[in-house]
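Shared between the two complexes below is chain A, which has chain B as its partner in the first and chain C in the second.
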Partner chain A sequence: MLDLLQTLGSGVLVGLVYALLGLCVVIIFKASEAFNFAIGEFLVIGSFLFYVLFFDLHIPFILALPLGLLLAAAVGALVERVTIKPLLGRAPISMTIVTLGLGFFLRACVQLIWGSHTYSFFLDLPDITVEVGDFLFLSDPIWAGILAILTFVLVIVFLFRTRWGLAIRATSEDQAKALAFGINARFILLIVWALSALCIAVAGIMISNFGALQVGMGFVGLRAIPVVLIGGMDSIGGALVGGIIVGMCEAVAGAYIEPLGLVGFKDVAPYILLLLVLFIRPYGLFGTVRIERV
Partner chain B sequence: MRSLSEWYNDIFASTAVASYREDERIFRTRFMRTWFVIFLCVVAAINLASLFGVGANEYHYFIGNLILVNLISAIGLQLLVGFTGLLSLGHAAFMGVGAYTSALLITEVGCPFSLSILAGGAAAALCGLIVGIPSLRIKGFYLMVATLAFQFVIEYTIIHWEGLTRGIRGIELPTPHLFGIPLEKNQAYFIFVFLLAVFFMWGAKNLTRSKIGRAFIAVRDNDISAEIIGIPIFRYKLMAFAVSAFYAGVGGAVFAGLLRTAIPEDYVFLNSIIFLAMVLVGGLGRLVGTVFGVIFVTLVPVLLDLLVSYIAHAFDPNFTVYMGPMKELVFGGLIILFIIFEPEGLVGIWIRLRDYFKIWPLPYISE
Partner chain C sequence: MLSIENLRVVYHDVISVLNGISLNVQDGEILVIIGANGAGKTTLLRSVAGMIDFYDGDIIEGDIKMNGDSIKGLDATDIMKRYGVTYVMEDRPIFWYLTVEENLGAAAFSRWDSRVKPDMEKVYGYFPVLQKLKGRKAGYASGGEQQMLAIGMALMTNPKTLMLDEPSLGLAPIITAELFEIIRQLNASGITVVLVEQNAHAALDIGNRGYVVETGRIVLDGTAQELLANEDVREFYLGSGKKERKSYKDAKRYKRRKRWL
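Let's look at the complex of A and B:
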């Protein structure tokens, strides 16, 4: 029983990072009805930008972090201008397909610039390992969980307590009406992509800190797919719940099912869960149920 | 006595057709039929010439085989994406199912090659039916994600079910024999795959101009109106998945026969995207477009390979490490560029060119 609680606890900490990834997908989906399949590549690019600033240029952490995140946001904005903006007014599915191509394109760019070998990545954050009784939670996952939650809360505050956030929510609700009220919807899309790229970079830095930085890490980004589909494509709270569920599912599969001889089952378990959810509740736990004929 | 313009119209333009049947013919003009016969003669001539050691060599036939195998598989995806409007991100997984079924039947049971191809197609079609079931409740993006989940589950199964699939080592196959004739040389295999591809193309063309194909198109254009006019859309969506998976399975089985091996890395997510790129680059909803797309997308890495090995040879031997990333760069870039600038694909460019020359030198035809 203690064992299970320990496993679930670690799962929740990783799940919080997944929740942040889910949030990035959800805000883009709400604003433009497009799913961003290139999320894993944004994650890697964000981490590499931070890596260059912090480890190569030796800029102090307190400066390198915001600078790296801003650069990541700039990449997101650039990508939006070049590939997404020309598609406004076309079927949303074409944007989704473009992000599929974008994923491979960006991954190749990262490989050409930084190569595909592993970079050691270690942030010297204060040790806050928690050891109570039989429980042990390592410092890195706790930091990841805390920073993920912090970013999550900041994004929600931005969305619900500022003028810009109001404009973003209005555009997500109805683009045409938002335009009629004088909101520059095209610029909003730019902001949303930049914001999303910024948050993905936070998640990327946290995930790199677990081990090392490598271009293949982009596959973690695909973990956002089960997260948002379980939680609901257009629900911010759903992203949080979905992230925690996926994190726990992965931890349990890793601790209890893999020893039965199924090596690597951890990586497919969320997708099997996803298939089940698609069968039972196609719009996720908290997603808006669209009443339409199928 | 027919006038010259009538004669011209009959051969080249044929803009006016009298009936639906005439409009739906496989070769709408005599011109097209002539070109097809010329094409067949050219292929036969090339094959005859290489028997005497002139022209195409084994490597060229290998590339030709690759194109044809991809064509068989891509037609399936075209039927699903272009004609029924259902996106699939798991096409390579269906190919994998076909390839592994065929490989296992040949090595474990001793099944003949021809039967194993059919069995591969059938096994993939069965998987297609299973993947199609979620379309009962979901559509669009959600369905696409269900196929993505299927892709990952199949990838996992192939790599980790070592008792059956031998994991990453893959299954080695003997030389395929067709009705007792060994297909050892790439040229022999080429003739077989060419006939198979023409047969499957013909099948797909007939499917799209029959009742089933019209139902597919109706579902794609507007599924609600399709249901109102009495088309059972769920049945046709399932059918589209099954047919598409069947084509992929046959393609996979033939692909395994071509390489004499079935290994997991040929059926990964990237390959699903490459098939999607073939269909998108070629043009959605046109079978001819698939041919253009497949040739283009298959030849791009071959040409890249030539370029990279030339640079490696001439300047820097370490340049070959960039081959993998450059391939991804080109595929990703192709998808982006075609969606943004040419959503109708290569076939759209071709139709515009053809129409331009058809009415040349007039800017347009006045009726």
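Let's look at the complex of A and C:
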């Protein structure tokens, strides 16, 4: 029993990072109804930008983190300007397909610049390992959880308490209406992509800190797919719950099912869970309840 | 003064919707544009509002001028901010999943300043029903309330010219009357109104002048009284006129009499 709680606890901490990834997908989906398949590449690029600032240029962490995140946001904005903006007003599916190609392109760029070997990535954050009774939670996952939830909350405050957030939510609902009321939908989309890239970078840095950084790490980004599909494609709360569920599911599968001889089951388990959820609730757990007037 | 000169608009490079339309809107008047479905009324408003490219349409000829400056090809937000032209799209262009108050706030985005709150109170003054609903999601409001909200949102943008696309769409006659009375009040407070309507009678009742649009051209223009008295307008848009039934085959297609350029 204690063992299970320990496993679930670790799962939640990782799940918070997944929730952040899910959030990044959700805000883009809400704003343009496109699924960003290039999320893994944004994750790797964000991590590498931070890597360059922190490990290569030896800028102190407290400066390197915001600077790296801003750079990541700039990359997100640039990508939006070049690839997404020309498609505004077209079918969302064309944007989704663009992100598929974009993923390959960005991966190749990263490989070209940084090669495909592994970079050691160790942030050396203060040790906050929690050891209570029989429980042991390691410092790195706790930091990851804290930073992820902090970012998550900041994004929500931005979306729901500022006028920019209001404009983003309005644009998310209908670009044409937003345009007619003087909200520059094109610029809002830019902000959303930058914000999304920034949050992905936070998640990327945390995930890199668990192990090491290399170009192949992009596949972790695809963990966002079960997260958002379980939680509901257009629900921010759903991303949080979905992320935690996926994190726990992965941890449990890793601790209890993999030892039975099913090596790698950990990576498959969320998708099986996803399948089950979709059987019961096709819109995901928290997918929008459409307003129907009678 | 807003003037549209020989405007031609094509969607998707092939579908010609406006075929050389010309009209002008005097400051301070209520201009009514009537016409059948597909005549190009909405396209005309979209072009003026700078939203035509969003719908994959192109202005291939002609010009749109506001007080002499060409506003053709400007961004929608620029046209709104610099020239005070606000376009209220048809079918109640509100944000369903935002509350009524958030809707008004979102509409004020382009001019956020300290006067937003007082302006919101002013909107609540015009539409007291919105005050009661302000914390509710706009999607749950009734059709009339939604249309009032849409006009309230337009007011939040501080318009000098308000272009309304079928505000009476799907509303009960009594609500329509209420709405048109408010439009008249807004006009009296100094806002120029361009009113596109299928409900020709109600619109011409409050309007000063009117244009009849058919297949992307102006076929008739005159004061509201002239149009209300016109035999063909009465027959095709007001549903009165001669008693015996006529075939549409005999419907008179106007030839543009004026020549431009």
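Methods note: the second predicted complex is superposed on the first by the 288 of 294 C-alpha atoms of A that agree within 3 Å, B and C clash if a C-alpha of one lies under 4 Å from a C-alpha of the other, contacts with A are read in each partner's own complex, and residues count from 1 in each chain.
Keep this in mind: a residue touches a chain if its C-beta (ideal position, glycine included) is under 8 Å from a C-beta of that chain, and two chains touch if they have at least 3 such contacts.
What you see is a predicted model; the values in this text were computed from it and never measured.
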| item | value |
| --- | --- |
| Chain B versus chain C as contact partner of A:Gly89, first or second or both or neither | second |
| First (chain B), second (chain C), both or neither touched by A:Pro60 | neither |
| Partner chain(s) touched by A:Pro126 [first = chain B, second = chain C, both, neither] | neither |
| Partner chain in contact with A:Gly264 - chain B first, chain C second, else both or neither | first |
| First, second, both or neither for A:Arg107, with chain B first and chain C second | first |
| Contacts on chain A seen with chain B and repeated with chain C across the two complexes | 90, 293 |
| Touching residues (chain side chain A, partner chain C) in the complex | 88-90, 163, 166-167, 169-170, 173-184, 288, 291, 293 |
| Chain A-facing residues of chain C, complex | 49, 51, 53-56, 75-77, 80-81, 86-89, 93-98, 102-103, 105-107, 109-112, 137, 139-140, 142, 153-154, 156-157 |
| Residues of chain B defined as touching chain A within the complex | 87, 89, 133-142, 144-146, 148-150, 152-153, 156, 159-160, 223-224, 227, 270, 273, 276-277, 280, 322, 324-329, 331-336, 339-340, 343 |
| Chain B-facing residues of chain A, complex | 35, 83, 86-87, 90, 92-94, 96-98, 100-109, 111-112, 116, 225, 229, 233, 262-265, 267-268, 271-272, 274-275, 278-279, 282-283, 293-294 |
